[in-house]
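The chains carry the letters A, B, C and D, assigned in the order they are written, with residues numbered from 1 in each.
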Amino acid sequence: MAGNSFGNLFSLTTFGESHGPALGGVIDGCPAGIQLDLDKIQLDLDRRKPGQSAIVTQRKEPDEVRFLSGIFEGKTTGTPIGFIIENTNQKSHDYSHIKDSFRPSHADYVYNKKYGFRDYRGGGRSSARETASRVVAGAIAKQFLKGIKIRAFVSSVGHITLDKPYTSLDIDQAEQNIVRCPDPEKATEMESFIKEVRKDGDTVGGTVTCVIENLPIGLGEPAFEKLHAELGKAMLSINAVKGFEYGSGFAGTAMRGSEHNDLYNEDGTTKTNNSGGIQGGISNGMDIYFKVAFKPVATIMQTQPTIDIEGNPVEMHGKGRHDPCVVPRAVPIVEAMAALVLADYKLIDQARKHNNI
Amino acid sequence: MAGNSFGNLFSLTTFGESHGPALGGVIDGCPAGIQLDLDKIQLDLDRRKPGQSAIVTQRKEPDEVRFLSGIFEGKTTGTPIGFIIENTNQKSHDYSHIKDSFRPSHADYVYNKKYGFRDYRGGGRSSARETASRVVAGAIAKQFLKGIKIRAFVSSVGHITLDKPYTSLDIDQAEQNIVRCPDPEKATEMESFIKEVRKDGDTVGGTVTCVIENLPIGLGEPAFEKLHAELGKAMLSINAVKGFEYGSGFAGTAMRGSEHNDLYNEDGTTKTNNSGGIQGGISNGMDIYFKVAFKPVATIMQTQPTIDIEGNPVEMHGKGRHDPCVVPRAVPIVEAMAALVLADYKLIDQARKHNNI
Amino acid sequence: MAGNSFGNLFSLTTFGESHGPALGGVIDGCPAGIQLDLDKIQLDLDRRKPGQSAIVTQRKEPDEVRFLSGIFEGKTTGTPIGFIIENTNQKSHDYSHIKDSFRPSHADYVYNKKYGFRDYRGGGRSSARETASRVVAGAIAKQFLKGIKIRAFVSSVGHITLDKPYTSLDIDQAEQNIVRCPDPEKATEMESFIKEVRKDGDTVGGTVTCVIENLPIGLGEPAFEKLHAELGKAMLSINAVKGFEYGSGFAGTAMRGSEHNDLYNEDGTTKTNNSGGIQGGISNGMDIYFKVAFKPVATIMQTQPTIDIEGNPVEMHGKGRHDPCVVPRAVPIVEAMAALVLADYKLIDQARKHNNI
Amino acid sequence: MAGNSFGNLFSLTTFGESHGPALGGVIDGCPAGIQLDLDKIQLDLDRRKPGQSAIVTQRKEPDEVRFLSGIFEGKTTGTPIGFIIENTNQKSHDYSHIKDSFRPSHADYVYNKKYGFRDYRGGGRSSARETASRVVAGAIAKQFLKGIKIRAFVSSVGHITLDKPYTSLDIDQAEQNIVRCPDPEKATEMESFIKEVRKDGDTVGGTVTCVIENLPIGLGEPAFEKLHAELGKAMLSINAVKGFEYGSGFAGTAMRGSEHNDLYNEDGTTKTNNSGGIQGGISNGMDIYFKVAFKPVATIMQTQPTIDIEGNPVEMHGKGRHDPCVVPRAVPIVEAMAALVLADYKLIDQARKHNNI
């Protein structure tokens, strides 16, 4: 109800500002007895962290997670898992240029209006640094979802688009390059383009596609909590996201029913998958796939006119080390949010399944 | 937690199957003392109901709402507003063709898998008939939101797209034609196309655009409950929706930061509105606009192969009177869901506002 | 969040005023496939309804429930169960005496202050008539909880107290007399006392004890959602309830640890049961038992001084047919609320159980 | 939904085991702009902490809270307030005696059954040490509730009962003695009794009474979320609590309506206050008062028979430093939970108030 919790039966509450002492979260409802591989959690954090490659921000943040509860002798205990990530980089910045002015297309202005004042250090709560906590929780959700494969990858950077259907790609290849695009040629193009944009002191948007395999049939609830509605909310809650589509998505609106309908095979699978693995809000056993649109990063290394807190016009120039394009680092965040959604629905499914006929 | 409620402080719970005795809902949390115009509620129901024009399903459903509680002497009392809509059309159908077979791209199959059996009469709970209850609640939310303008319209049917920015349109014109497209020429084109598609026994998809004006600054919560995340969830929970984008949306991913950023005027408004009226998940006082993608209706008047409950191949032919294109009737549903989201956030905003500095 | 819903995975939302057209509710999350015995539901309604015996209000309300959804071919479908109970008695009253005055120890005054005005007809939403909807939902929850025995009975009326431990009683006897006290002698005493009090135009309070048998071990959650905390909330949410205690309760505060501790048998059961079947908020497999305190009914057939809406002193005399003592009719309500709590916790338990070691 | 969160608009999520690295919590929804007095928070922690006096456990835990987010320049920012309390005492214990055996009337047995195994170090999550986090959050809630006075005190220890009505007491005197009883003579009696009990290696129960003054009229919601229902749940969620009553409570059940009804003064206050400041679940402007029953501490310094994990009979002797009576330390916990309930309802009230007539 204040926006910092996600999920019902498997839930995450996060806290922390980009430049406070620490950020962290509480994972509640994770079933007991899950043997956790802590290295895999750190690995996902490393996929998100700054400084990991030549095309992301060069800020240094070790992003090491410290678990405080809910794990005993390597296994989840069924009690809440509290964790923190210390902000080691917190004191090194100079914020005088944004303290009293509003960065264009950032949340500075609305935070001031909504709360009366704001923690102006590097975006405060509105910083995408908050997503580190999501990655921790998502990595635990992934381990709970053993057997279900959740993989995301970059499907476009600016105008450079990976047009092939995901089924023709080797998605694992995405982790072999710094863009996280599974098509090596496209990845090279994208990398060059990001570097070119950065040289201009500019930024660019892109899309991330996510594919979920091996999901059982029956996850999702009718009416308001359709599986794709919750996935959509999860993705739209990630910083800089402007759109979400699943299955045939926006392109499907131009199709006729006779070509869009997915006809059944005798085993209940479908010959095509315009549905994107979801019918009536409920998983149908086919792959789920969806695409997430990220806007260009708002902080650019160019001078922009803006206003200060009194409404006076001022000039502002981006400082510090920022991402020219957010999608390579967004890949593990998309996966994490997908995992959180699925973990919640899996528990809901288990809750009521045993009373079925 | 079972998917039939939406909202927190201003909430709606719906119930009802398409061919049970009645459907209805409970609106909870609507503040006391709101003088309700019941005609306006019925008007929105009429905009959604079958049989209203030559291009929608010709089924007859009066869709008259009966309020059972929460209204006294014409005003809301602050207690829950219960209402029902009787299903007058419930007994006239023959369901033998779908009882034991699964309509392609419908929820029949997943309902059977999830629940063990299903109410097979006309889609049961998965029928879009459930949205009638949403329209009732949305119409009350609109009255609570007095002064805030929420208008939706059809922005594409199949490949016919209204390309003009909404700011160049007279949105009120949308209600002057049966397609609900504010551009009369495009509306005529769309109407012809829908009729042509219907003649083929086929269906087609489309998009609905929604514009919200006069929203105060500060609505929305950071992190997981960003205003657009909840709007996205609301829209994706409508039957047949495959995608959601707001502001620059998917097109924005191809832009550079320097062109995408919305620069401030001295009064805090912005010169452009790629943000779509939302920054960091919080309304910034500019118009909110978003687009919703609807797939082609799955029921077509053509013979399709499918399987029965035992997995045997069978032939199926659409029966009854169905919509060739869902978007004209979806317009009031999109508005209703937007109103429900905003009513909830307005109350949340009021809850905490008075403690600001 | 507006107080009209209860439960998470198995939830009930109620609506309706005592003298509006109808009251009703929505049960959401009840698993699919439960064969419902509708007669048993009506039976519980009959145990609560007015006019059932010589010691309760002689108002006539048939209290017949009409189900609108969620049940198909006699079984729950997994979708929300909507139902209504028409208020047949709604037009026969004269409310002029309470329209502008506040009945002492009723909610009239606070409703006016909270909402600005109120539906003054017979208590409106604050009427205990709302509990009819709870009884419907509780009766369905009981059927879902097959095998778990939930029985309540009257354990005191005024100063007349049933002092024997419940284990020495034949609880089923409670339904053999109109007081619903399982001790026939005490029941006779209580009945006489209630009649005497009524003759005085007065009312009297009492207690209801509830015993739950055959509950599996492990229901309940640590910290804030301890099983007894939710049971306590459920009971305190019933009209006229002033207190709740479970196990040794208030009497246990005077005991020493050495006498209060429940020592284990080798099978994990305990030799005594001061714990009341709950340890650390989680069921331990022993019987759960708790006691609920009901105040005397506030409407008395005597003249009382009070104030009107302007604060002027006025005289008020109870009109209509009211209960001299609420506990006989409260018995099925206590059972219903207990069943709702247990149904919710049973689903939560099932959600996470399968991931245990 | 896993029991570790409390509240809706003003919420607390806690995590942490008694002997893990740290415990802590996240306070979400606290309005922005509240100038926090951090000393007052620590003061409440000190009132709860071990080792504070001769009649409580002599364990040493500094219980220093470290805030990680949500506070900037001394004021709340409106974003989540994360905090931790390090467990400095965590390594000094020997748990071999409880690792494989179940302490009578502790949660050991049910945790093992529910979760498959347990963190056996000192009670783990079931330890009352968790309430330290509640005290932190409650202390912040108190500051948000400026002007509303919430004071609790010990009203009985074993059979020694403070029988005077709270209105005849100087409640502030409670903090002048180590028992926290506002009657100095009774306090002395209670202190002696606690020491005597401890000398016997035994423990004893007691009650805590809480009085809330200056609460505005109108807080609380009808039906399921009555103000006293939520207060009851809050209190019953505290470790070792067995009962809750407010206003006339259990004693009120023996009264007649004619003596129990609270008659109005012309200003809307009442001449008596059997209602305990709440009518129909909504505050009426009179003092709220309620009583909470605590069982005797289960850990006694005597040898008790019990069973081990295989069901074999074993002998167990309490080790370490434990409270002979929990009520003196429970006083700030009761206040904290009351403050959390009120903060939540105050926000809910503010949410809807401005739409009243």
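Simple rule for what comes next: a contact is a pair of C-beta atoms (placed from the backbone, for glycine too) under 8 Å apart; a residue touches a chain by one contact, two chains touch by 3 or more.
It should be emphasised that the depicted structure is a prediction, and the values quoted were computed from it without experimental measurement.
S.K.: Touching both chain A and chain C, which chains are there?
M.R.: Output, common partners of chain A and chain C: B, D.
S.K.: If you tally contacting C-beta pairs, which comes out ahead, A-B or B-D? Let me know.
M.R.: A-B
S.K.: Measuring between mean CA coordinates, which chain is farthest from chain A?
M.R.: Taking each chain's C-alpha mean as its centre, the farthest from chain A is C.
S.K.: If you average the CA atoms of chain A and of chain B, how many Å lie between those two points?
M.R.: 26
S.K.: Counting in whole Å, what is the centre-to-centre distance of chain B and chain C, each centre being its mean C-alpha position?
M.R.: Computed from C-alpha means, the inter-chain centre distance equals 39 Å.
S.K.: Taking each chain's centre as the mean position of its Cα atoms, how many Å separate chain B from chain D?
M.R.: Centre separation, chain B to chain D: 46 Å.
S.K.: For chain D, write out the residues touching at least two other chains, lowest number first.
M.R.: Expected reply: 1-2, 4-5, 8-9, 14, 29, 32-33, 75, 78-79, 114-117, 125, 222, 348, 356-357.
S.K.: Touch graph of the chains shown: is it line, ring, star, complete or other?
M.R.: complete
S.K.: Which residues of chain D touch chain A in their complex?
M.R.: Contacts found on chain D: 1-2, 4-5, 8-9, 11, 13-17, 20-26, 28-29, 32-33, 66-70, 72-73, 75, 77-82, 84, 114-119, 124-125.
S.K.: Which residues of chain B touch chain A once you look at their complex with the stated criterion?
M.R.: Spelled out, the residues of chain B in touch with chain A are 1-6, 8-9, 14, 102, 104-107, 109-111, 113-117, 125-126, 130, 156, 158-159, 197, 200, 202-207, 217-218, 220-226, 228-230, 232-234, 236-237, 239, 242-250, 252-258, 260-268, 270, 274-276, 279-284, 293-300, 302, 304-307, 311-313, 348-349, 356-357.
S.K.: Provide the residue numbers of chain A that touch chain C in the complex, in ascending order.
M.R.: 1, 8-9, 29, 31-34, 75, 78-79, 144, 222, 347-348, 350-357
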